[in-house]
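My questions will all concern the structure given below.
Chains: A, B, C and D, in written order; residue numbering restarts at 1 for each.
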Amino acid sequence: MSADMRTRLSHVELPNPILTAAGCGGSGRELSVFYDVSRLGALTTPSITLAPRAGRPTPRTAETPSGVLNAVGAQGPGVDAFLTSDLPWLLQQGARAVVSIAGGSVAEFVELAKRLTEQPGVSVLEVNLSWPSMEDRGRPFAADASASAEVITAVRAAARFDVPVFAKLAPDVPDVVAIARACVAAGAEGLSLINTVPGMAIDVDAARPALAAVTGGLSGPAVRPLAVRCVWQVHAALPGVPIVGMGGVMTGRDALELILAGACAVAVGTANFQDPFACPRILRELEEALTARGIERAAEAIGLAHRPSERQPR
Amino acid sequence: MTVVAPAIAERFRPGQFVAISVGGTGSPMLMRRGLPIHDVKPDYGGTVEFVFPADLPGAGWLAERRVRDSLDLVGPLGRPFPVPRDPVHCVLVGSGYGSAGLFMLADRLQQRGSRVDFVLGATSADRVFGALRARRMGQTATLATEDGSLGVRGRVTDVLPQVIEDARGDVVYACGPMAMLRTVAAVATEFAIPSQVAVREIVGCGTGVCMSCVLPVIGEDGITRMVRSCVEGPVFRGERLRFDDVGTIPFDALGAPGARGPVEGFRER
Amino acid sequence: MSADMRTRLSHVELPNPILTAAGCGGSGRELSVFYDVSRLGALTTPSITLAPRAGRPTPRTAETPSGVLNAVGAQGPGVDAFLTSDLPWLLQQGARAVVSIAGGSVAEFVELAKRLTEQPGVSVLEVNLSWPSMEDRGRPFAADASASAEVITAVRAAARFDVPVFAKLAPDVPDVVAIARACVAAGAEGLSLINTVPGMAIDVDAARPALAAVTGGLSGPAVRPLAVRCVWQVHAALPGVPIVGMGGVMTGRDALELILAGACAVAVGTANFQDPFACPRILRELEEALTARGIERAAEAIGLAHRPSERQPR
Amino acid sequence: MTVVAPAIAERFRPGQFVAISVGGTGSPMLMRRGLPIHDVKPDYGGTVEFVFPADLPGAGWLAERRVRDSLDLVGPLGRPFPVPRDPVHCVLVGSGYGSAGLFMLADRLQQRGSRVDFVLGATSADRVFGALRARRMGQTATLATEDGSLGVRGRVTDVLPQVIEDARGDVVYACGPMAMLRTVAAVATEFAIPSQVAVREIVGCGTGVCMSCVLPVIGEDGITRMVRSCVEGPVFRGERLRFDDVGTIPFDALGAPGARGPVEGFRER
């Protein structure tokens, strides 16, 4: 007996809850060398931008304890190449695509949402709100509830009605629930939590920043406690809103931790660097963990750790 | 270090590498280290031998592994050295543990009837990798150490021009630190012969998903792109790799920050 | 030849830059079993509150990858017992005391600052701004520049003029520099960066939060990239303001990383749990690291990684 | 596991524990594990033996240690079992790996002429620690396993009253999980004899600085305080430890949230 792993992101049903995280699963082709990407719940694309981007200079990544700092800077081919090459390839594989978008202004987000949903193929549009706003001196949209809501309102209006819009939030705000509420009020059908946390490392021998870009985003197991906390707080405040949880998931147990906190799907980022088979392995481990606990449907585990506790004598 | 890995041993072609994971399950070190494959042998169904530098983060853990411990490695990865169909004169240049990647190549070249001359070097004698083997295999083997403790005092690139001349080299193959590859490529250009250089330090995923390992490379179409050395390399044609611009995004690279792209914020993710 | 390790927190000179972090070195008595606490640059006390506090229920701590979550809740004897017992003991040992204070209102902070600086003995007053404000529905003062500034203004006015006031800030704000500026403008002589980051873990077997208090503060090497980033950003913006850097320092190299980023002293927290000799060991390792790099005075290394880089060909 | 640690061996008194660090330098596991000392011996200048449960986080790493590897442990820590000056009848109760802490105590008690009776138990026979040794040392040794695979079927606390009666016990010493200590203390109270219980799971620092290990304990003055089991324990008088309130802050504890203290915010640090 194996568990029923199906889950839903708003009205979109996925065969299982394990996704790649944006920018961590390549175009899908890289991982398809190792396994069939249609076995993923979905592949989340790197954040797509209007123009092609060369990204940031190297070194772009640095190892920190149980974490990785990155300042890749969303290197990518731009929306045109994505639509003519990457997306058709994914659909041809039978894979589902969560398409992440990033723009420096509301207008750019709108343009991206329109272009990407003109044709069918995009299962979910994930709005990367950690992107620096050109209109607010490089401050990320996700730092502010009203800036976030403005983007979401515009994207929701521009995207095809049947493509759910998920807002991807940053954890480094004093009140993530306030930002989440604002996004949902603005029309987001769901939330993706969390993006990387701004961090930095110094190469002590060179006495220089380890990254060419000086600061970068921290990911990996180091940030999992932040992810669990954000998912928990947002699920407690907005129990009906689907959450894609992510941050430091390396094993099926870690995925289960986010599901118990309230995530209905789990995205795997940095783990793909450590293990090219991470996603199918985590899916299998999650399935085993659920079965071992007598849980027959993954959906039953969502938010389970929130149930009121009977005080047990210890 | 030698590991039993039949699937890697079978598919391996010279120039490819393995990406190894250090620290075991739950390790605080999350990135893989790309290491040149030194040798593959048919023993025990197929073994793979690779070399790692003593100062590699995680080297201590690797050195502690004992017989029959299992090791997590992915490979063979990357594009191999192109090997000419017809016999030619090949000069193989290696520095430090980068030399490790050259012996399987030499073997393959010699099988095709090519002549192989080695130039190996390192900071000091104890860091020169494979000097004996190079002497056995190569038509000639020239050694250079910075402290003069073995062979000529100096760098491999100091002796390379003479070797190319003596051997009437048709092509140069090299593996070593970036600065050395840069000089190798420049020397080859001076001789108007092609060079094939394998970059060595690949830390990240090794599989093309993390975007850590990009280098500015000029494509067939003349356009510079930031390409991943783990999947589009580690072997590049020397004249295509823009050594002077490594560590930057050249202004003329595809998608370089310019009029059209979004501005770079102080913390972009 | 060994390096000159002296450093300054405002006008207060310390024999060396290694401090214990608030709440991580006990009263000093616990560590004095292992070494003479006068060998510390200073001992930072747990945050002192007006009344005694029993703290939060157990489990209070949980291990996360390269981190520790804690919800101790500032268990402590209260200011009276501190003044009659802990502080005199520390002074008797010849140790220097950075006294951390925490209150739920501006009035509590003022009362604490007065009481603690009436008599000499306190080297530096560190204001824990991560404490929940009773006046703002439990929102921490440190989440907001004006709430932080209000506390600092009042504490600066209440404390003896010759006791420097350091504001201890939280890293989980979109713009730590803005909070730092507000505190310095309000009279803080220095800044302590960083406090723990709100996080959470779930015991996957019990399907329950691992901490009785549900959420807790994340510390340890997992958060060091956040600490380095905050110290770097604040030092870049306010180069003349002394910073006590902390977050995940386990070794002399880690301490040097924060010093290179701009800290003039480094506080050691979680490492004391892992190794009771952590502080003297880190001090020795730091001294060795400086000497190995030909740096004769620790002060020369402060902020060194900020020097403009000559672009090197790589 | 046996380690050479003369300084610990020399100073050790029964009931004390060692705090061990797992995972080596740079380990992602930052907290120490407090483990009962099973034995100290004069071999090799002084060895210390301790027992760890197979499901201890880090047990895998510990089990992998080999002869001559070094291990980072701090000890002896905590307050030992008080040992009566005069000969009395002592009942020693241990569950699971908690039994390990009792044998040195038995030794010390017997040296002082006390009578020692053992009650040891666990879930199943393979988890009972030191049954043979207890049989050798004790006046009697009663074993209980929950599945009945060794001795009586049931828990140690099921057989304890009979043992106290038969041995005419004057005092009970116990080490094991909290729920078992609670019942032991209750049984002792029924017999109107004192109990000395050693709590077992101490994860944190072991030295009193992290405040992880607090328990509500009634002081001499009748006031309940949240005291650290690593420095003020691990041994407590059974009737002083408020078992029913473990995992809470009793409302009448010193400094409990009340009218005077600051409110508890949703995230306090």
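Here is the rule we use: contacts are C-beta pairs under 8 Å (C-beta built on N, C-alpha and C of every residue); 3 or more make two chains touch, one makes a residue touch a chain.
The UniProt protein names, listed by chain, are A, C = Dihydroorotate dehydrogenase; B, D = Dihydroorotate dehydrogenase electron transfer subunit.
Being a predicted model, the structure only gives us computed values, none of them experimental.
Using the mean of the Cα atoms as each chain's centre, the chain most removed from chain C is B. Remark: chain C and chain D have CA centroids separated by 34 Å (rounded to whole angstrom).
Distance from the chain B centre to the chain D centre is 57 Å, each centre being the mean of its Cα atoms. Centre-to-centre separation between chain A and chain C, using Cα means, comes to 33 Å.
Multi-chain contact residues of chain B (touching two or more other chains) are listed as 26, 28, 246-247. Shared interface positions of chain C, i.e. residues touching 2 or more other chains, are given as 65-67, 139-140, 170, 198, 215, 220-221. In terms of inter-chain touching, the protein chains here all touch one another pairwise. Across the interface of their complex, chain C is touched by residues 64-67, 69, 139-140, 143-144, 170-175, 197-202, 204, 207-209, 214-215, 218, 220-226, 228-229, 232-233, 248, 253, 256-257, 260-261, 289, 293, 304-305, 309 of chain A. On the side of chain C, the complex with chain D involves touching residues 23-26, 30-31, 33-34, 49-61, 63, 65-68, 70-78, 102-104, 108, 128, 130-134, 138-140, 170, 195-196, 198, 212-213, 215-217, 220-221, 250, 270, 272-276. Within the complex formed with chain B, the chain D residues making contact are 26-28.
Those residues of chain B that touch chain C in the complex are listed here as 26, 28, 178-179, 182, 243-244, 246-247.
Contact residues on chain A toward chain D in their complex (touch as defined above): 65-66, 221, 311, 313-314.
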